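The following pair of complexes shares a single chain, chain A, combined with chain B in the former and chain C in the latter.
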Partner chain A sequence: MGAWARPYRAVFRARFHLLVQYRAAALAGFATQCWWGAIKVMVFAAFLRGAVASPMTLREAVDYIWLGQAFLTLLPWTADPELARMVRTGDVAYERLRPLDTYAFWYARAVARRTATPLLRAIPMVLTAGVLLPLAGLGTWGLAGPDGAPAAALFAVSMVICVALSSAFSTLLDTMVVALLSERGVNTIMGPLAIVFSGNLVPLPLLLDWLQPLMRYQPFAGLLDTPFRIYSGHLRGLDAAAALGRQAFWVVALVLVGRLLMGRVMSRLQTQGG
Partner chain B sequence: MILVDSLTKSFRVAERAGGALGTITSLVRGRYRTVDALKGVSFALGEGELLGLIGPNGAGKSTTIKILCGILEPTSGTCEVGGLVPWRERVRHVARIGAVFGQRTQLWWDLPVRESFELLRDIYRVPPDRYRARSDELIALLDLDRLLSTPVRQLSLGQRMRCEIAASMLHDPRVLFLDEPTIGLDAVAKLAVRDFVKTLHRERGVTVILTTHDMHDVEALAERVIVIGKGVILADGSLVSLRRGALAERRLWVHLVRDVTAVDIPGAVVRSRQGRSVELAFDPRTTSAHRLIAHIASLFEVEDVHLEEPPIEEVIARFYAQHAVEV
Partner chain C sequence: MNAIRLYGRYISASFRSQMQYPGSFLLTSAGAFVAPGIDFIAVWALFSRFRQIEGWQFGEVALFYGVIGVAFAVADGLTRGFDIFGEEFVKTGDFDRLLVRPRSTVLQLLGYELRATRIGRLVQAALAWALAVHLTGIAWTWRVWAILMFAVAGGAALFAGILVLQATLAFWTVESLEIANTLTYGGVEAAQYPLDIYARWFRNFLTFVVPLGCVSFFPVAVVLGRADRTGVAPALALLAPSLGFVFFGVSLWIWRFGVRHYTSTGS
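Here is the complex of A and B:
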């Protein structure tokens, strides 16, 4: 296992080291996300304050929003720009020259991208919303702690599955880029889908009632909605366990679909420019 | 070592009529044209051979190499490299080969060369001590010492190509595919690449398949040449036999002491004349050089003569023309 995993670990490490160097971009993103987070908190406060029988309390919604801002880049809304470049230039041929399972190879790249980038932004965001705001006496509008130790533990598990799910989505996107020779179409379609159906735009429980069953079973829910609701205690006990199960199911399903697609795409590969 | 049997490969190429109307109709109904890149290519190559694969652009050289590397699947036909079918047993196959595509890069753009090498070490699962010995040797052979800590994007093309070639040999493959490794390089870098390939081949017995447009690469390296055109093999043999078949003539340069009005020598054709320098062409199979020179010397006062073969580029161009290959 150790020897088998060595190349994939090495690729993960190299990508991770590279991506954490983009600190200026992270800082800019952090500033934007603070701003958007503040606006969203105010909007939802206006809606939810004094509302009776709301599917989500203001407290839960505020946590959901801040976590959403912190982990925004965990969403798989774009294909790997580096791989897209390799597809355009034909360098992608070299990826097939490696004695590796190309799916696992690209999945390792995706995991690096879905951990390094969010980590850089999540740390200042959580500190700001969870520590600075309460210190400034604005605790009501800041990020509260998790709903107890079990919730914290389950949240951690759910976040790990979330990274696995997001990486499976990303690898699927990367494979589609190879088939389509351009990342533009994939990114244009995936962006809005990921933002809306992960709950990043509006927390999923606040969407229309008749949409709820649909929202529960679709794959994007496992990206942000599931861990965030576990964090604030909106999902507890059996409900939380079931949500984790759905999350894990989608990881397996997307990996299978991704591998199937990759097999098909690679066998029909044509290389650009001779 | 390498067996290629009637490989064919067809690509589907999207076609569309020009203009706005063409763009719109292509959205509704795509029209495709089939391009046959390879139309039955067969050859066999023994262990330790060095083969030059030449042919005009679009002849099918790169397609052949990519099939042999396991990157592309052929439409029909089979091939085996070291007992493995490249596209069917890709992972095992690619672990045993090295490849350099001159127009692409396998090094990580943002990483220093050394880190790229170490990443390849892990990707090919090379044991640390073997890697150390191997990389030291390659670094010395290709003179990479001062480049190792430079990020790849800051290297010149010649420096990068030396690193690319080293990168392809870190896992000590027995077969090396070089697809236009000297493209765009200056004279010094070309020589460095040729020397290195020669060393690999002579001293380590690595089997090499090389494609190139630079006939000097072929002259310097290849014992055997395969010419591909329009997806079929046009010739397979030594450079000498290729020359004999395509353009056997020799050229004799004569520098005269005095101006002459006309030069007319049986058995030779005047190719060019500039003042007192005359270039003659003759067929060595029918006219002997020695007799030709003696005859000229008896007619004129000669300052200097020299004999040469037509440049290899010209031989190949003639060969393409004879086989009606579009260049």
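Here is the complex of A and C:
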């Protein structure tokens, strides 16, 4: 990468190092997510016990749930609180003074946020669900390994695109905060949308059949649903490739929309405060 | 002035101050309506796919969901003072001021704020309850209502007890620990399904340690005519919510122990 990328790499590194300091918060989150994961696993197992036919096996559903708990903070459900504060105080004007591309700068910040926090939480979660539970003889209820080497490789690719997609969503939210002058509305609407349509609430394949085409093509599917289904082998071969393509498409589309919106918002930026 | 009248004054002052910002009140209430509504969408989505969970129907689970939801909304609205106790009272040293007043600290903290916006959660849970009334076709006699109101009261007492314990911890940790959320929000999450679908260790935990199952599962199962699923005699099942009051009593006793060990931060 050339010299032009240096400031963006620098802000990524600085934010990443800052965010991995919040270990106590990650630990509290980890305890909560274990509890939630355990409840969800038991509820889904109970539903599946009496089911005649199911679009997902218990194994696939359990993996999906634990991965969902591990990567919960990868979901773009809130705008960057620090940028929101800058908008309130008027400090956002300084962001415009930098001889940099503001979109790319904020995007780099978002990438740090969508990697540092999820990593802190995913490591203990994966160790607990994937190592401790099987060691305790509760492997049926824990996280199994990926469905073979190809699935593992595709999962890794899909997770990288997932970070790119989540960061594009986050930057779009940040830009909307600048336009609306407050993060409250954006966060209130985005939270439920992300939880429902990413599959975090209920794995998307378990929703009603007539909803499936809609679920497949909407942008949130690329956040959790796609990588998790590749991991457990629920999506394979051409289906997996097509899902990766849709994921990548939404990254490009959201970056373009985000840039367009930022151009409009920033050209008539009114700063508050003093 | 007696304690009840004083509490009434506290509440009416708190209510009037919140009504000074009607727009904010409406928006926050709407938020409190939508957020738990997401959980109900999950219940609905799973039932529309699988039809039943271990023999329980959607209407029946909606009643479990409604009862525990109403109980939590009531407790959450009344106990704001305990919820933010660490940040607002221990860290700042403001608890000293409560101690010099000639009234119990519990009364003052209960009167700290009536969170009126929790009406959103209450309405959401009540709608699920109404849906359950519509779907289950049970005769809604006075006896049934009395059983369910006792369940709601026991549940509210239990949740209030959990929040008092969370506040008590702050005497040592200074900050409020969010770990209690696993028992409040996580408890609502767990108790919205009938207890007998869970693994034994979890069922025992929710019966004997934090008796969330006792306040809703046992009495609601009796109301639904499924007393056989509880594994205890119906009379015992109907008495089960009183464990919620016992839990609240124990937590108040621990609270007093905490108050005696309070050292001001001095700030």
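Convention: the second predicted complex is superposed on the first by the 270 of 274 C-alpha atoms of A that agree within 3 Å, B and C clash if a C-alpha of one lies under 4 Å from a C-alpha of the other, contacts with A are read in each partner's own complex, and residues count from 1 in each chain.
The definition used in the following text is that contacts are C-beta pairs under 8 Å (C-beta built on N, C-alpha and C of every residue); 3 or more make two chains touch, one makes a residue touch a chain.
All of these numbers come straight from a predicted model, not from anything done at the bench.
Of the two partner chains, neither chain B nor chain C is touched by A:Leu214. Contact with neither chain B nor chain C is seen for A:Ala152 once the two complexes are overlaid on the shared chain. By the document's definition of touching, of the two partners only chain C reaches A:Ile39; chain B does not. When both complexes are overlaid on chain A, the residue A:Arg98 reaches chain B alone and has no touch with chain C. When the two complexes are superposed on chain A, none of the residues of chain A touches both chain B and chain C. Across the interface of their complex, chain C is touched by residues 28, 31-32, 35-36, 38-39, 42-44, 46-51, 54, 188, 191-192, 195-196, 201-202, 206-208 of chain A. Every residue of chain C that touches chain A in the complex is listed here, in rising order: 31, 34-35, 38, 41-42, 45-46, 48-50, 52-55, 177-179, 181-182, 186, 189-190, 193, 197-199, 202.
Residue ranges on chain A touching chain B, taken from their complex, read 3, 6-7, 9-11, 14, 18, 89-91, 93-94, 96-101, 267-271, 273-274. Listing the residues of chain B that touch chain A in their complex gives 11, 57-58, 62-63, 66, 69-73, 87, 90-92, 94-95, 97, 99, 101, 103-106, 108, 110-111, 115, 118-119, 122-125.
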